[in-house]
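What follows is a set of structures for review.
Presented sequentially are two complexes of subunit A, the first with subunit B as partner and the second with subunit C.
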Partner chain A sequence: MQSGLRHRWFILFSIIPALLFVFGIVLYPLVQTFIYSLKNMDLLSDHQGQFVGLNNYTHALMDSDVWSSIGRTFYFSGVSITLEMILGLLIALLLNEKLRGIAFLRSIIILPWAVPTIVNAAMWKWIYHPEYGALNGLLMQLHLISEYRPWLSSPWLAMNMVIVADVWKMTPFVAVFLLAALQMNNKSIYEAASIDGASIIRRFFTLTLPFLKPTILVLIVMRTMEAFKVFDLIYALTQGGPSNGTMVIIYKAFIETFSNLQYSNGATLSYLIAIIIGILTIVYVKVLKLEEGA
Partner chain B sequence: MRKKITAILAAILVTGLLAGCSGKNADPIASSASSEAPKNVTITALFMKQAGYSEDAIKEATDAFIKENPNIKVETTFVPYEVLEQKTLVANGGYDVILVDAPWTAKYVKANLIKEVTDKVSTADRDDIFAGAISAMQYEDKLYGMPWLNDVKYLFYNKEMLKQAGINAPPKTWDELIADCKILKEKKIVDFPIVWSWKQAEALAVDYALIAGSFGGKFVEDGKPVVNDPSNIEALKFMQQSLTDGLSNPGSPEYLEEDVRGVFSSGKAAFALNWTYMFGMANDPKESKIVGNVGIAQVPGTAKAASATINGGMGLSIAQSSKNPDEAWKYIQYLSAKDFQKKHAKDALPIWKSLFADADVIATNPELVNLSKTQYEYLINRPQVPWYGELSKQMQVAVQVALLGRSSPEDALNKLQTKALDMSK
Partner chain C sequence: MKSKSLSVVQCTFGIMVAFCTLAPFAWLFISSISYQVDLQEVPIRWLPHRITFERYINIFTNSKNEIAYAFRISMFNSLKVAASVTLIALVIGGLAAHVFAKFDFKFRQGFVYLFLFTYMIPSVVIVIPLYLFFQKLGMLDTKFTLTVLDLTFAIPFVIWIMQSYFRHLSKDFYEASALDGCSRLQTLWLVVVPIVRPGILATTIFVFLLSWDEFFFSLLFTSSLNAKSISVAISEFSGKHAVDFGMVATGGILAALPPLLIAIIFQRFLVSGMTAGGVKE
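For the complex of A and B:
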């Protein structure tokens, strides 16, 4: 009995460092940000720091700028995740084959993902440069365009170019995950199926895809969370421009906080993002459970 | 056995914890503050990487300062202009000396980030500093920093291209500029005669404030926004027209000053607006293909104003949280002294009026020194209100919406005015 008590104290003692970390860098900021979102922390105002209840939230939700940046974030996430899933799956299928030099291919495919996002963004900035960018040079040599053109000067095009940069970086991540799942697949089922005369496409849709479904769902959840928080790319490539064409919600929160010094607005937007991601995750998990039950 | 393992684990954890604590004590700021030795202090200073005085010049002067004052150690940090403001706000308390751009002064004062220094600058000194440079560091008639960097925008032109087109002198008005651009384009001397820094960033707010000013417009009057003033609308129409006519480089909406320099220096534009630093760099064979062909002139104007340029003055302020404000001020004084400013006059013109008569200063660049005297007469400030940052952000969007033809200049500015009224409340 006594040794059990000592044991419990020891456990408590051992987890103190971890507790400190969790409280210090996770819980404290989370709570503090939430409190900010309920106050009027406008650093430029003479009256700051009073509680204003849910005012900040109603204000943000009635602001059409907030809704359009949420819309843009959904567009960014939707398109980039779809492309990453399709390309990632195709690459994973290729890498799963027994080809010559496959080990080499598997290792270089990881490279884009290994590059830090900000480096990736800086690189794409040069690729897209209107005067001496590689993209213009390539398209000119292929005779696809007749003169150099700007890529980030119109809102819709700029958004899609940012998506391309994101897809280039994150597709390898998806591919590696799916490849890992494919490697665990039972080869004999495929052999049996092909003996039974199932075509390659039939095998893909009735065997591979259902088998990969849980992995794909997990990937979608992970990628949604990340895509919703896209920041580095926007920061380095467009800074939200042109004419707010790439002003995603997290960048807006950043501007509100650190440029306009409206800490409350920034905190409110951050919590809205968290709520949206939370809802999406719940939906995904429900879907995942349904799939498992079926 | 099990107990042994847990004991070892506990020992590791405890040492880890202690190591963590001692690590905190080694924190440089804490140690400098706690050291009791006679005034042995370390101060930290935040500067920017591009434009104005070079990193080397500042480091050299800092070393000389440390030599003269062995008890003061100075640690300098250089960041790009684009992150200077955020760095200052986020690292609140991390620096003693901060480089402050003119449009931030009011905001920093409101947010209680910088110390007032009105009494520290003598009247004699004040009379010798350019009014524009002083006003950049002022808010409600109080001084919050030592003017340090004196900078305005000029019109740059490619002499060779103008000669080829048969144009004898640089344009004096925007109409002349447009006429010249049309000739240059028709004669196929250059695809897009003029290039601008119109990215959704402060650079766009600078150019718009300047062009609007030359059309006789203003953004704020007596603390109240007047963004949709007819002159401002006219200025925006001029900008939009130059893009739709194909006279302005179509990449302009994604360019910053450095991109403008790149385009101009590689001979792909006949005209460009930029800060003083481009004059030196466009004439540097390592950086430019058009060495010797760089012309510099007064920013064009209209019938309402002969010219207008923006006050890009910056100053050095003492952070409110600084533990060594006296040493920080000493360092600031050293960097803004006439010696330093004279020595590096080719990077940026001095803030001291008396230095403009100095033969050495004139010799660094007679063309620029002479031009600057007239250009300074048309100096305008961006609105000196605490909510300028927010106004600028919204203005960048509104102006781009009009530039990209997604809304008429009138609509864009009317909408902006509504938002600005809300901000100024």
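For the complex of A and C:
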């Protein structure tokens, strides 16, 4: 019998590099940020700050700007994930059919997902360009608009255009993920159902959707965590503007910290985000466990 | 039997999906080979009547063009950082993932969740102390620092994905190789690694894409061409007024090319990698 000691050494040897590395550079800043959030640090006045307890938190939670940026984060996440799920499901169902040209569509569908976020943002910024943009050109030629529009100049419209860019990039991910699940599905049930005369819509709601439910749940939680952290896209497309129309909570934390140099305020907002993400992580793990049990 | 109207709907939808997927790429490419004057034409002209590859040539050959030079250097920076991150994360994360998946010990589950949480928390939460720390060391704006920072999310990511691959492995392999006199490391290298090779390949691709795409740390921690990544170079340039749209498009095409090629060549592995992250534990 191998000695338990060697067993233990092997485990230690394997996990210590990862532990040292990740917790060495993550845990320390994580704690430090929390301490900042309890102080009144402000780089403009250059003082190290005194402890102010939970003052920063109560301030942040009473600030209507903070709440509206949380609201925008929810709007962004909610709308983009809903669209990605519906479109992704429809595309996955289409790709699962045997039709002419489906092989081609399958091979190209993943491409938008592979595009780096910043390139994606720069590309859409160019497409949305108020004077020379392709979107204006296309809609004009289709006679859907009568004059060129500035797509990123009004708060609400800008947010929706950011969502379009996100949906373009992430729908393929959802579609491919769901397609992989569909392909594990048992075809014979479908054939039996269609011989029984069940309509395609009925089959979808009684067979496909229940089968995909766990995968959909996993996707929703995964996408929610990512959508809550949306930063790159906003930075490159709108910088939080116009008039804070796309100021999501992460972007606000970033501005507070690096433009306004209010370290403590930035740290407080960051921690509020970390708490939300922490809750979502727990939900995610729960959902995965549920799926495994099912 | 399928009804005719359904086929029509499917066909139309398929064409729309194909159009929406490909049109932005096509426009980006057309913009990159058009003259600036032609891009500013109103009404828009979809197919340019003359084309130029000058911007591509500028980026690849050593010219005096400042922006082209910045794009080239920052591409190489991104490549070096992404390659180092991928390699280190695979070794360190892979070792840990293997143990988490196959061995039982105290706090195992707790560690796994802790790693998952470190992967999930947004970088903005840890960035201020890290910035002050590296500033004190005089190590801002280096590829080394950027690599270290990227590893903070790359290692947990590898652990999370890889353990689902290791988990499917039968215990029998371990017993058989132990009987043959293999040490645990030998077992890992000679038996386990060859079996989970597809999983390793999928993880490699994902980590590479993840670090190639990384923006937040590069934005804050790099300032010169010494370490600046291609994403930062593109966002800086496209943020300026009166930009050369064609140049942004060219940089974009080149920055998107490595991940796009990877996605096309390794599609099969990508799909298995995507789903691996979302199941089990």
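Definition applied: the second predicted complex is superposed on the first by the 263 of 294 C-alpha atoms of A that agree within 3 Å, B and C clash if a C-alpha of one lies under 4 Å from a C-alpha of the other, contacts with A are read in each partner's own complex, and residues count from 1 in each chain.
One rule holds for everything that comes next: a contact is a pair of C-beta atoms (placed from the backbone, for glycine too) under 8 Å apart; a residue touches a chain by one contact, two chains touch by 3 or more.
Model, not experiment: these values are computed from the prediction.
After overlaying the two complexes on the shared chain, residue contacts for A:Phe10 are found with subunit B and with subunit C alike. In the superposed pair of complexes, A:Ile91 makes contact with subunit C only, with no contact to subunit B.
After overlaying the two complexes on the shared chain, residue contacts for A:Glu131 are found with subunit B and with subunit C alike.
Between subunit B and subunit C, C contacts the larger number of subunit A residues.
Judged by the touch definition given at the top, the superposed model places A:Leu261 against subunit B, while subunit C stays out of reach. In the superposition on chain A, A:Asn244 contacts subunit B only, with no contact to subunit C.
In the superposed model, A:Phe76 makes contact with neither subunit B nor subunit C. Residues 10, 13-14, 17, 129, 131-132, 258 of subunit A contact both subunit B in one complex and subunit C in the other. By the touch criterion given at the top, residues 2, 6-8, 10-11, 13-15, 17-19, 21-23, 25-26, 28-30, 32-33, 36, 90-91, 94, 97, 99, 101-102, 104-105, 107-119, 121-127, 129, 131-132, 134, 136-138, 140-141, 148, 168, 172-173, 176-177, 179-181, 200, 215, 218-219, 222, 225, 228-229, 231-232, 235-236, 250, 253-254, 257-258, 263, 266-267, 270-271, 273-274, 277-278, 280-281, 284-285, 288-289, 291-292 of subunit A touch subunit C in their complex. Across the interface of their complex, subunit A is touched by residues 6, 9-10, 13, 16-17, 20, 82, 85-86, 89-90, 107, 110-111, 191, 199-201, 249-254, 259, 262-263, 266, 268, 386-387, 389-390, 393, 396-397, 400-401, 403-404, 406 of subunit B.
Those residues of subunit A that touch subunit B in the shared complex are 10, 13-14, 16-17, 43-44, 129-132, 147, 149-155, 158, 238-244, 255, 258-262. Taken together, the subunit C residues at the contact with subunit A in this complex read 6-7, 10-11, 13-14, 17-18, 20-22, 24-25, 27-28, 31, 39-44, 46, 92-93, 95-96, 98-100, 103, 105, 111, 113-118, 120-122, 124-130, 133, 148-149, 151-152, 155-156, 159, 178, 184-185, 209, 212-213, 215-216, 219-220, 230-232, 234-235, 238-239, 245, 248-249, 251-252, 255-256, 259-260, 262-264, 267, 270-272, 274-275, 277-281.
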